[in-house]
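Both of the next two complexes hold chain A, though its partner changes from chain B to chain C.
After this line comes the complex of A and B, so read on.
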């Protein structure tokens, strides 16, 4: 599993304050901790309160790059903000994210191609949140077709089925999980899949339990990547153990420690 | 999920001693605790040390039935022992278990029909433990064919893919999990599936973590039943939450307590 740490996000007050004060040390500490706990990459989002995201996102990227050498996922709804951050990003980046809307795909696939990045695509459109598996598959086909037609490498595409909270969209969870398996069947090169995990437990009282149960189920259905909190030790233990069961890491008695030291 | 509590088993020293002393109270306490923690049924096994299983198994059944009114899974490799216990069992019982060998099926399907019980069938034969998914499916077909030909209701059959320890059969875990899904495709009436959970973590240092991760994955692939330790609270929390995500219990903030009170 490709783990993208979610904690550098201006919606968290410590990050928001650090951005306001341009205090690199807070950001760098959060970056290093996430990597130490097993993240392979970091999501970078300056948050909705940022008054100047075109400055704040590149600042976050540069602060993080001073201490860690991992891929960064540039997270903004504004392509021009993502582009400013791409200009200073050293490693192959991940654009987070496009939707299935043509006007979004036109801009973001072009951006991903010009900067040779990976691209997260939500099976979402202006019509709203998909209500079942068929709608997700239809949007996934639109995304993949656009990428194939415009020579964007499917190997660099991550499809996100759009995880919804279990307390408001309980009947959809099975469809969301099954979408992960069925996305792989759409094209001769199976696209990778990703989820933004924490949404599944929004507004519930058992957030951590629901998060780690959902991702374990998703991994058994072939999930490739997730944006999550790598500091949640029990969550990471579940991810590592699910991967062990799928034979993606060789068993040893200390397999949890071995994974984290990798 | 149909949860069968595993703790009344003579391989545990407290149970073995209680059988030797014919101390009902120990057995009854273990029975009641398992039901209180969410078990739907109880496995009853007098263990390999029993010198007189044809007396011990019926004694265990009668002791349990004095305090609880749930189905019992009669667990012995000897059909004549199971039959002695069936003679005193009140609720619809579960025979645990037959293999795919014809001589076993002949005796145990006949017994299950005569006593109107459910039947657990291991995809296992005299040739040994199956080494991959295809061998499991082949044995499952043999079992189902025999049951159909001999008018044993498939609704009462539980197929067990034979769970192996992850530390010795790591490469097989994916096949075992996928078997659960594919068993359902063999016959027009999808057979139910079951696992003996604790075997997956035999000899490992992270037994509980591996148990609850494996069963969460199995549930996402359609598992119907499991023999497990219902007193392991985190295991039961994982099972309940996986079922919640699959919409088998309506969400409420206190869904864990609601399940246990059901």
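After this line comes the complex of A and C, so read on.
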């Protein structure tokens, strides 16, 4: 399971303040903590309050790279912001994210090809959030077709079915989960799948329990990657155990510790 | 034409170095490096195999108790003195690596500990090959004697064993202090193999100083089971499970010469043919199978079987197919 830590995000007040004061140490501490707890990569998002994202995102990237040698997921809705950050990113980056809209795909697939990055694609379009599994599959087909036609390697593509809060879209959860499995059948090279996990529990009282229940179900349907809070130990334990049950790790009495020794 | 399918592995087996030269603080004339594989045995197109499997000649500190006549023919002239035995395999059979089993410390034989330690000291002087030192299998005696062996061979970077899930602390601490490597033995069980590696590394011994003995069965005696266990462990290593990415040591001689098919005399089973051919063949075939399963160190007995397995390994590496 490829874990992308979600905590460097301007939506969090400590990160927002650190960006305002250009205080690297706060950012670096959050980065190191997430890697120590098992993140394979870090999401970097300067948040909606940033007045100058074209400077803030590259600043965050450089601050993190001073202490961490892991892939970074550059998270912005503005391609020009992502490109500024790509210019200073050392490891193979992940662009977070494109939608299925042609004008987005044109810009972001091109960007991903030029900078040899991975790409997260949301099964979402201008028409709005898909309402069922079929709409998600349709958008996934559009994304994959575009990538294949434009020689973007499917191995580097992560499809996101768009996770919705369970208290808002309860009827959709089953479709979201099943999409993860069906995305794999679209193309001869099965595309990888990813979820932004925390969305599922947005606005609920049992956030952690809902997060870890959802992800174990998603893992059983073949989920490859997730953006989540790696500092949530019970969540990470659930991820490791789900993979154990799917025979992706060899069991031993200390399997949780063994996974973390990786 | 069918397109060739090549697996793209992301992990690799740890590299373990045995022996230390004078430049490295030891007295061995060379070192042996095992492990480092980036693919399964001989799949050269898929990944690099930086080190060939190596053969260690097995010798004992006493005259062996149950070695069959076929082996007696080769070694009985040196069984009165284990130092002569060591010298013979080093000089006559050109061994690369020596595995000394201290059977004399077994409670049923109970040789004097000082005598054993003197033997090891003299062995270091008489033979300058990298050393593997293994105990008699009795936990209490091994825990007494092996740490002392570790001390007197300090800085020679030996491979010492064996530790098990229930008995690993004393020897691991000694090996850690004296700069050696350790053999972690598990009873044909991947779960225990993994757990033991974690326990050892928790004591501070790094993964690149652990060699796994998965315990093996000879041809006809559980070889397939051994094979599947080793293959499963190796596949996990190649998929980046660093906890069990250790090279394998296989006690081929010990298991092969236990088989009736290897040791029975022709006058008992006429149709089986000469034991001088059948015995080494049994050991050789067991060894080939284990090399294919990913064995890195083979501890063997019969000079002819060793000669043949070496030829086989050389041939496979030369052809690079």
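What we mean here is this: the second predicted complex is superposed on the first by the 262 of 262 C-alpha atoms of A that agree within 3 Å, B and C clash if a C-alpha of one lies under 4 Å from a C-alpha of the other, contacts with A are read in each partner's own complex, and residues count from 1 in each chain.
Here is the rule we go by: a residue touches a chain if its C-beta (ideal position, glycine included) is under 8 Å from a C-beta of that chain, and two chains touch if they have at least 3 such contacts.
Source: prediction; values computed, not measured.
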Original post:
When the two structures are superposed on chain A, do chain B and chain C clash or fit side by side?
Top reply: fit
Subject >> Included angle at chain A between vectors to chain C and chain B, based on C-alpha centres and rounded to the nearest 10 degrees >> reply: 70
**OP:** Go through the superposed model and pick first if A:102 touches only chain B, second if only chain C, both, or neither.
**Re:** neither
Subject >> Which superposed partner A:251 touches (first chain B, second chain C, both, neither) >> reply: both
Original post:
Which partner, chain B or chain C, touches the larger number of chain A residues?
Top reply: B
Subject >> Partner chain(s) touched by A:216 [first = chain B, second = chain C, both, neither] >> reply: first
Original post:
What is the contact status of A:189 with respect to chain B (first) and chain C (second): first, second, both, or neither?
Top reply: neither
Subject >> First, second, both or neither for A:261, with chain B first and chain C second >> reply: second
Subject >> Gap in Å between nearest CA atoms once chain C and chain B share a frame through chain A >> reply: 6
Original post:
Once the two structures are fitted together, what part of chain A is touched by chain B and by chain C alike?
Top reply: 250-251, 253-255
Original post:
Which positions of chain B touch chain A when the two form their complex?
Top reply: 166-167, 170-171, 173-174, 177, 200, 204-206, 209-210, 213-214, 216-221, 237-238, 241-242, 244-247, 250-251, 253-256
Original post:
Tell me, which parts of chain C touch chain A in their complex?
Top reply: 190-192, 194-195, 198-199, 201, 232-233, 236, 240-244
Original post:
Of all residues in chain A, which touch chain C in the complex?
Top reply: 249-255, 257-258, 261-262
